[in-house]
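Please find the structures below.
Next come two complexes, and both contain subunit A; in the first it sits with subunit B, in the second with subunit C.
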Partner chain A sequence: MMILLVDMDAFFASVEQAHHPHLRGKPVIVCGDPGRRGVVTAASYEARPSGVRAGMRLQEARRLCPDAEYVEGDPAKYVGLSLQLLDLYTRYSPDVEPFSVDEAFVGLGPEAPTLERAAEIARAIQREIDLRFGLGASIGVGPNKLVAKMASGVEKPRGLTALDPEGFRDVFWPRDIQTMWGVGPKLAERMRSLGIKTVGDLARAPVPLLKSEFGIIGPQLRECAWGEDDTPLVPYHRGLDAKSMGHEVTLAEDCDDRASLEGTLLRLSDQVARRMRGEGYVGRTVTLKLRDHRFVTVLRQRVLPDFTAEAERIYPVTRTLLNANWNGAAVRLLGVSVSELARSGEAKQSELFASEDRSQRLREALDRVRDRLGEASVVPLGTLVHRRRLSHVPFGMPQARTPVSRKPDASLGAPAARPGRSARRGRDSGDPP
Partner chain B sequence: MVPGNNVFESLSDPIDVIGAFLEGRIQPLRFRWQGRVVRVRKVTGQWSRREGQTVLRYFAVESAAGESYELCYDPRSASWILSRAWTGRSRGQGR
Partner chain C sequence: MELTIQQGDLAFAAGRALGSISAKSPLPLLSCLLLDADKTGLTVTGTDLDVTTSAHVPCEVKTAGRVAVGARHFHEVVRKMPKGTVTISVAAGQCEVRYGDGKGWSRFPTQDAADFPRIPELKADAKATLDGESLSRLIARTAYAASTEETRPQLNGVMIQGGDHHVTFVATDGHRLSRSTRKGDFGGLGKDGLIVPSRTLQAVSRTADEATSPIQIEVAAGKRQAGFAAQVGEYRVRILTRLLEGPYPNYEQVIPKSNPRELKAMRSDLMEAVDIVASHADNVTRQVRFAVDKGSLGISSATELGAGEHRIAAEYRGDPMEIGYNATYLLDVLRCIPTEQVMFRLNTPLAAGVVEPVGALPEADEDLLCLIMPLRLPDTSG
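Here is the complex of A and B:
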């Protein structure tokens, strides 16, 4: 089987350039509300020579690239387009595994027995993406996911790199160890201290040394350095279970007001709980992420006695963790996540003992209202107290799971409920009236 | 206005739209905004967003005058919203 990794070039920025011709050929920086502080979400290729990178503070980006066009990102738009792209890939092969919002693996079967034939299909996909969406994609082709992924980064933008194991070794063995997929800066530093400076050095390193220094991951990485990988491709219609679910938000301004922080935690807890229920999960470990104005980040977690997907149980834990770990310094970012997930059906036994029927029925009824009318139709009262400060933190599920449809316009003539004001505002994240 | 160029104005303005329904697809052709009619030269992008049970349809369009807009069609009320605009001028600055 040959595998492609399709990586959309500077996806968010390219989408804005494709949709808005006046942005084409200019440095474009996609961010949160440009009027607030925050970080760069994506930078177009025209902005990159200035040194602007995703994750950089906006203030810094403005200094490096003062003439850039700043566009407020629209996650729902990018997710919507990502689903359209997945739909496009499935017309070439049913085996499509999304890797991120802008990357996907495509497994090719007997129709592509050789690297050359797989590269032809990759070229056809590139052409169709350009034709239909006006977007560029770089594609890596290889006999497994590792080679395809690493090959996709060899030539950008609009690159196409097809490598067999021998080609992989020719291209990557001379390269720095950190180009290896799965080797981050810290691991690379440790490897360099052992004299492993290139991918080739890793491929030739003694297995016992790697095992003693890095544990089980050491020999695995050595195999990867030979271009070997047997990770299966999991088509998205079969799906893998999530390991955790969470949301975080950079606050509009540094905040040392306890009530505002607690209001934000309630809204984040509500988001996480809604998403867990929407996808059929319950979880036990609640984690609070707290970053202060000096960028000092604290992660603290607590394990619940049983599984839950209720904001009413997640929120008090986050509040307790905040009170126990917050030193009063102005807070820049807050995050809430729940891990140790199980399918809600499987965890039912323990949940049954803990939950009261009445509150469960109420929660289900409220979920049905929000499913039908949108996230802002019913919200926890505590999140409204500081609505002005929280206006940029979405309610509930930020993006409901949208099934991929082969006929995206088929439902145009459907439902006929009256729009509420929140619907007229056009965004679920807007405060309700 | 922030330093740098904040190119888009985020809006939520109800607008009247003349559109075409072609082969099961909807296509905005022209719309009235702030007392003037904007003729759509090209639909440059389309996507959708779910709000409860409703699928809102979004369109990025380029006007004949070279301006950029994003429109949203709400099938619940068969109504349209102008959600973003780039006209090269600030709001309220008449022509």
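Here is the complex of A and C:
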């Protein structure tokens, strides 16, 4: 059995470039927070020569690469695309294991008896990703997950590296010990102090020494250094039940303003509820996560009398939990999650009071609007007040764009697209232009 | 402060006052009981700022005074002390309780009573009295239907409406409703009604059960406060509460007046059937299916957990019909109806159904009506 590791090249930044032609060929930096304290979540290959890396503070990135386009990340979009990519891989093999939002293992069976055949399939996957999404991927091919994963990093972007254990040893034995998958900076430091400086050193190190120094992991890493790995591939099955759904946000600035915090909770509750409805879940336990400026984190939860996927029911609980547990200290991070999930039943509880039925119909209508026009097309008013206060820059508006007129949408009865909305339309669409 | 009191009296007062203290309070003083001794005796008070319970017990007070002690701890210790006389004295920031004729003593750290939240005086503009047994029953028949969610806070309690000829208790969470009335002159309570939080009613119900006097209800509508006071033997218990803010939904409007299909069944048979069949019901919707036909009622459910059906005899005239219900709601309603038989008055599978006792209630001057909204079954059309 051969295994591929498909690693998307500068995934978030490339997605933005694919979706926004004016960003192509330019250094693009995707950041978490629009505020000044954010960090770089991804940098396009154009930005990398200036030294910008994911995880770097935004301030530093701006200094290194002042001309880059800074774009706020849109996790929902990346996750959506990531799922589409998984779908694509499953057409080559049913054994697909997502490894992160931009990496997945693909296990090939009898259809790829040799490394060469597996590399051909990898090439086909690369081509299809480019064709359908306009994105680049680097693929590592090997007899196991370890070799595939490490091979994928050999050549980037749009690289393809196929290695058997022998090839693995040729390539990696001369390399620094920290290139070994599973060896981080701290472990590398300890190994170097024992004279293990390269992957090859590790492969030849005495097992008893490794065992006494690093415990069970020591001999295992030595196996890995020989390109041996028997970690099974755990295929991803659609419809695997989630245990909880949540969203959290590090605020652009530490905040002790109750209205802003409540606005944020409303936004998070709304996002969680939307996702639950989208995936057909209801849940019963609402959890608030609250982290203050000193990094003191509290989690508080409450169980609802019955199941729900409505922001109107989730939000008041989070607000009550905030009021009961917030001591007034400036807040750094807020999170809302719902657990004790179940598949929403087919039977619907009727309402005694007509106003509730109307709210239900309104919710359904709003969901349809957002499914078509994107999450930002309709948002709870409370979240808008909040956005203005934090001088929130809506995602994907690095510069003013001329409004694009769109055909009136008969089913929604929209007479004509307004400028703001049409600009957003392009942004939220999950399809490549 | 110095006084002599019976252990049982002290434990009672502390226990009742503890009922209004919330488990986790942001303010340390809200975890305290206030002990207030004057020449008439000792008053113990606990509050969470929304509900305040105080219990007054007569005792021999040598020196009047006020002191606050940790509620849970004080009650826990006092409860375990042997019966008989105990003395309480305060000195050097400690509250000392001596018991068992000098056998033992316990000391409790105190907080400054001056910081204890001031319990506002209730300036009542409406008053009524109701005997404890009736009050407790009216609460039990309605409070279960109240909502526990913050979405519509006005539903988190029981609406009590006065009238010249009767008093009405109503609670609903938007999916079921229970209305219980009692005849009598309750004009003094005001027709606009007051919404009493469910939490308050738990405490009120407990006091009503043990009351040896009628319960006095006082309302300060303008300040959205109400008080419930009763004598429990020698003790006087008073519960002061903040009322919930309306408007309460127009519930009269949703009670169907002429549902044509009548279904009569034995209450115990029905409860047994629903209880068994609901074991297979979906965790989320708790759905059971009623299939009514001439002479019988079939209750069924089917999920991946399993499936079941249970038929019981029922009087029914009308076209066969299927209707879905949340089993939890059904059982709640059936539990609160005291008669042997129950009557369902139904309309369509999507409309509100009335559930009523058949025949007179044990108390001739009382009345009970429940509403339950069906579940829309996936295979029924609207």
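Criterion: the second predicted complex is superposed on the first by the 238 of 433 C-alpha atoms of A that agree within 3 Å, B and C clash if a C-alpha of one lies under 4 Å from a C-alpha of the other, contacts with A are read in each partner's own complex, and residues count from 1 in each chain.
Just so we're on the same page, contacts are C-beta pairs under 8 Å (C-beta built on N, C-alpha and C of every residue); 3 or more make two chains touch, one makes a residue touch a chain.
In this text, all values refer to a predicted model and were calculated from it rather than measured experimentally.
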Which superposed partner A:Val282 touches (first subunit B, second subunit C, both, neither): second
Subunit A: partner with more touched residues, subunit B or subunit C: B
Partner chain in contact with A:Ser344 - subunit B first, subunit C second, else both or neither: second
First (subunit B), second (subunit C), both or neither touched by A:Ala68: first
Partner chain in contact with A:Pro305 - subunit B first, subunit C second, else both or neither: second
Touched partner set for A:Leu81, first subunit B, second subunit C, both or neither: first
First (subunit B), second (subunit C), both or neither touched by A:Leu108: neither
Which of subunit B and subunit C A:Val317 touches, first, second, both or neither: second
Partner chain(s) touched by A:Gly374 [first = subunit B, second = subunit C, both, neither]: first
Contact residues of subunit A, present in both the subunit B and the subunit C interface: none
Subunit A partner contacts - residues on subunit C that touch it in the complex: 24, 26, 147-151, 172-177, 249, 254, 282-285, 287, 324, 326, 350, 352, 371, 373-378
Partner subunit A, residues of subunit B touching it in the complex: 1-8, 10, 12, 14, 24-26, 44-45, 47-58, 60, 62, 66, 68, 70, 72, 74-77, 79, 81, 83, 86, 88
Subunit A - residues contacting subunit C, complex: 282, 304-307, 312-313, 316-317, 319-320, 324, 327, 342-353, 355-356
Subunit A residues within the subunit B interface of the complex: 15, 18-23, 29, 34-35, 62, 66-72, 76-77, 80-81, 84, 133-134, 370-375, 377, 399-400, 402, 407-419, 423-426, 428
